[in-house]
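In what comes next, chain A is part of two complexes: it sits with chain B in the first one and with chain C in the second one.
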Partner chain A sequence: MTRAALLVLADGRFPAGGHAHSGGAEAAVKAGRITGASGLESFCRGRLHTAGLVSAGLAAAAALGMDPAELDAAADARTPSPALRGVARRLGRQLMRAARVTWPSAELDALARQFPKGAHQPVVLGVAARAAGLGAEDAAYCSVYEGVSGPATATVRLLSLDPFDATGVVARLAPEMDLVVGRAVEAARRAVHDGVDVLPAASAPLLEIGAEGHAGWAVRLFAS
Partner chain B sequence: MTTATTGGVRATARISARADGRGGTALPVLEGEGPLALRRTRAAAGDEARVMLVGAMSGPLGGDHFTVAAEAGAGARLHVGSAAATIALPGQAKGGARYDVRLEVAAGGELRWLPEQLISAAGSELYVTSRIELAPGARLVFREEQVLGRAGEEPGRLTSRLTVRLGGRPLYDQEVACGPGAPGGWDGPAVLAGHRALGQVIVVRPEFEERVPEARLLGECAALTPLAGPAVLVTALAGDALRLRRLLDEALATLG
Partner chain C sequence: MHLDHTHPHTHDGPAALSADAHRPDGRRRALRIGLGGPVGSGKTATVAALCRALRDELSLAVVTNDIYTREDAEFLLREAVLPPERITAVETGACPHTAIRDDISANLEAVEELEDEVGPLDLILVESGGDNLTATFSKGLVDAQIFVIDVAGGDDIPRKGGPGVTTADLLVINKTDLAPYVGSDLARMAADAKAQRAELPVVLQSLRGEGGVTAVAQWVRERLAAWTA
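Take a look at the complex of A and B:
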């Protein structure tokens, strides 16, 4: 494996479509629950320990070579909002297109054939990490970082928040990202033996409810 | 049997429901224990058996471990309620309390699990796991409500994992964690945003295989969503238990 491959996969400019999504920040801004840097930090922290942990666990498990179809079903069960299930599959399909060209692999081809409409994004991310010669921890880091930096970047546009403040939020969460990656990878290693039920399932009710509302808006800046 | 040690109370209650062959439901097993007493009460419908869980002691307290197991066989209709809210309290024993719910429904069976709220009192620490195994063709209504703190007090530490499997495959798997010491941001804008009552209702019906209700918002902090299977979830946040119950009842009523 090469450390540079990790940077390629984690780069916000990797053409996987993530920039069009706010990770629920747009709905939270509209509802008045994020009004500045401190609200953004609290939002990102809550997201990191819930949806972020779940995604990282799935990505790590996929990177360890667990059956992607089983992981995809586990992702569905952990995503009660149909709007968010749709978003996860669209992002999975976009990531799949970019990853297959970047790191051609039989496992990615097989996953693309099995899920023509897209598998859940963290599952594709884990398989892509394998194709890039990366490990479970790398996949979890990519997932966790994207899950925090996405809403932070989006909030810069939504609130005209100072980009330095937004980056400060992401940097302050770094130690907690390490913690979440550790928990996700540990659970993924157990899941290899004990099955997908031991993967994290932390829920964020307002992200799920907010996503359903957001999906119905006529005009919005972000796709989710 | 109930065992009380310095480590807390361990108690198990078991309910088994079977079609009685005359259009009704029999309860061949109805065994309460210690703080978990069970009473058969009058059913609203003739073919249903109704059981009330009656708390005979307070708790769960720190160190306690309660288990409630219920199963409904083919053709059986079982309704389980509780006489009062369950209050998680701090105990003399070290460590948290556990409350495990294990439910099983066979094809053609129905379980309506509609207990009162779980209240997480200040200083308490409780870990709840609810595991529900459904056979294809089973029917389920499952409600759980968590109230964070009694009136005007800080909540305790509460973790509640709810897993529903249908035909051995995961249908729903979510864990709520809140209160002092919970992972950061639990009360923030992505998770609870200051709400002190949260609840879920899961409804599983075989006919949802053909046509499942569409997703819709129920006010600002509640939604009804179809799951990836013949099931819908109502999830709601509210300022207090009363408003939460009203939201959940209204949503249930729209499902007919």
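Take a look at the complex of A and C:
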């Protein structure tokens, strides 16, 4: 693996559509659950240990070469909100496009052919990591990092939060990101033998409910 | 043939990637023209007028990039300039210039979906969410771009230049009917624009006036003729 490839894939500027999404932060801001840096930290921590862990597990499993179709079904089963399932597929499709140009690979082409409307984003992320010569741990790191940095960046725009404070939040969560990556990768390695059912299935009901409400707003800054 | 020679794996890929001139089925895709410029300069009004002028001779569709609503898409729907399935709104996450330049994923998806669902199309107009004078479209998204400014935004804008004014394939100075009321000097705007743009064309128009969008529509027809040649 090359460490530089990991940076390319993890970079928030990697053009895969994420900039238009807040990871649930816009709904949480509107509901008054994020009003500043400490609220953002709680939000990101909750997200990391629930949706973040689930996504990282799926990404790691895909990077280990598990069947993407099976993983996509497992992602569906772990995402109760239809709005979030739609978002995950749309982001998956956008990542697929960017990854296919960046790291041309037969596996990515096959995935695009199998899921013309997009597979769940973490599944595509895992396959993209493989194409970039990266491993399961790398894929899990990309997943948890964007799951935290996305809402942090969005909150800077939503609340005019001091960008240094927002970055501090992300940095303080780094040790917990390590932990979550460790758990995700361990589960993914077990899943290779025991099947997708042993992948993490934590859930964050407020994220799911918030996403359903957000999808119906007439005026919003972010697509999700 | 495929424009993207450097990516052999994607040659037989299941879906088009970005600027490929051909669709996966081998047909030439629609010409994509971007309309950028500051908020309120008349981009949506120009798109609406272009649709009315061209819809009987061309198969066309529109992608709007609203900043935080679906206003532009809804205006076009209300005005019934095209059937609803030919108008798509893209959400830009508070960053309209990112969606047309730095990360064009959502817009590419929108143009391809339009071609898949209502195609074949000759022309897709992509309206930007409205931004500052530096916002331009990526060549990976559009084949040509129109930058729309207006006389009410200040007659020194052409002189100030910037990537939109200087490099757009067509500069439109809109709302010339308002010039007397806002004290804008049209001759000076035209001369400054010419100085910034050398050979690149400039159109002064009023959508409230007689000529309306005629000159811009003619420019679009010429681009299309060159695209399909």
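Some points to look at:
One rule holds in what follows: the second predicted complex is superposed on the first by the 224 of 224 C-alpha atoms of A that agree within 3 Å, B and C clash if a C-alpha of one lies under 4 Å from a C-alpha of the other, contacts with A are read in each partner's own complex, and residues count from 1 in each chain.
Here is the rule we use: a contact is a pair of C-beta atoms (placed from the backbone, for glycine too) under 8 Å apart; a residue touches a chain by one contact, two chains touch by 3 or more.
Keep in mind it's a predicted model, so treat the numbers as computed, not measured.
Superposition of the two structures on chain A shows chain C fitting alongside chain B with no clash. After overlaying the two complexes on the shared chain, residue contacts for A:78 are found with chain B alone; chain C is out of touch.
Once chain A of one complex is fitted onto chain A of the other, the partner contacts of A:86 are absent, as it touches neither chain B nor chain C. In the superposed model, A:49 lies in contact with chain B only, and not with chain C. In the superposition on chain A, contact is made by A:21 with chain C only, not with chain B.
In the superposed model, A:135 makes contact with neither chain B nor chain C.
Contact comparison for chain A: of chain B and chain C, B touches the greater number of residues. Rounded in steps of 10, the angle chain B-chain A-chain C defined by Cα centres in the superposition reads 130°. By the touch criterion defined above, A:168 lies against neither chain B nor chain C after alignment on the C-alpha atoms of chain A. After the two structures are overlaid on chain A, the closest C-alpha atoms of chain B and chain C sit 20 Å apart.
In the superposition on chain A, the residues of chain A contacted by chain B and by chain C do not overlap at all. Per the touch definition, chain A reaches chain C in the complex via residues 13, 15-22, 90, 93-94, 97-98, 100-101, 104-106, 109, 112-113, 116, 154, 157-158, 218-223.
Within the complex formed with chain B, the residues of chain A that make contact are 24, 28, 31, 33-34, 39, 42-51, 53, 73-74, 76-83, 85, 176, 196-197, 200-209, 212-213, 215-216.
Across the complex, chain B meets chain A through its residues 161, 163-164, 169-177, 183-186, 188-193, 198, 215-217, 220-223, 225-228, 233, 235, 237. Put simply, chain C touches chain A in their complex at residues 7-10, 12-15, 17-18, 67-70, 91-95, 98-99, 102-106, 108-109.
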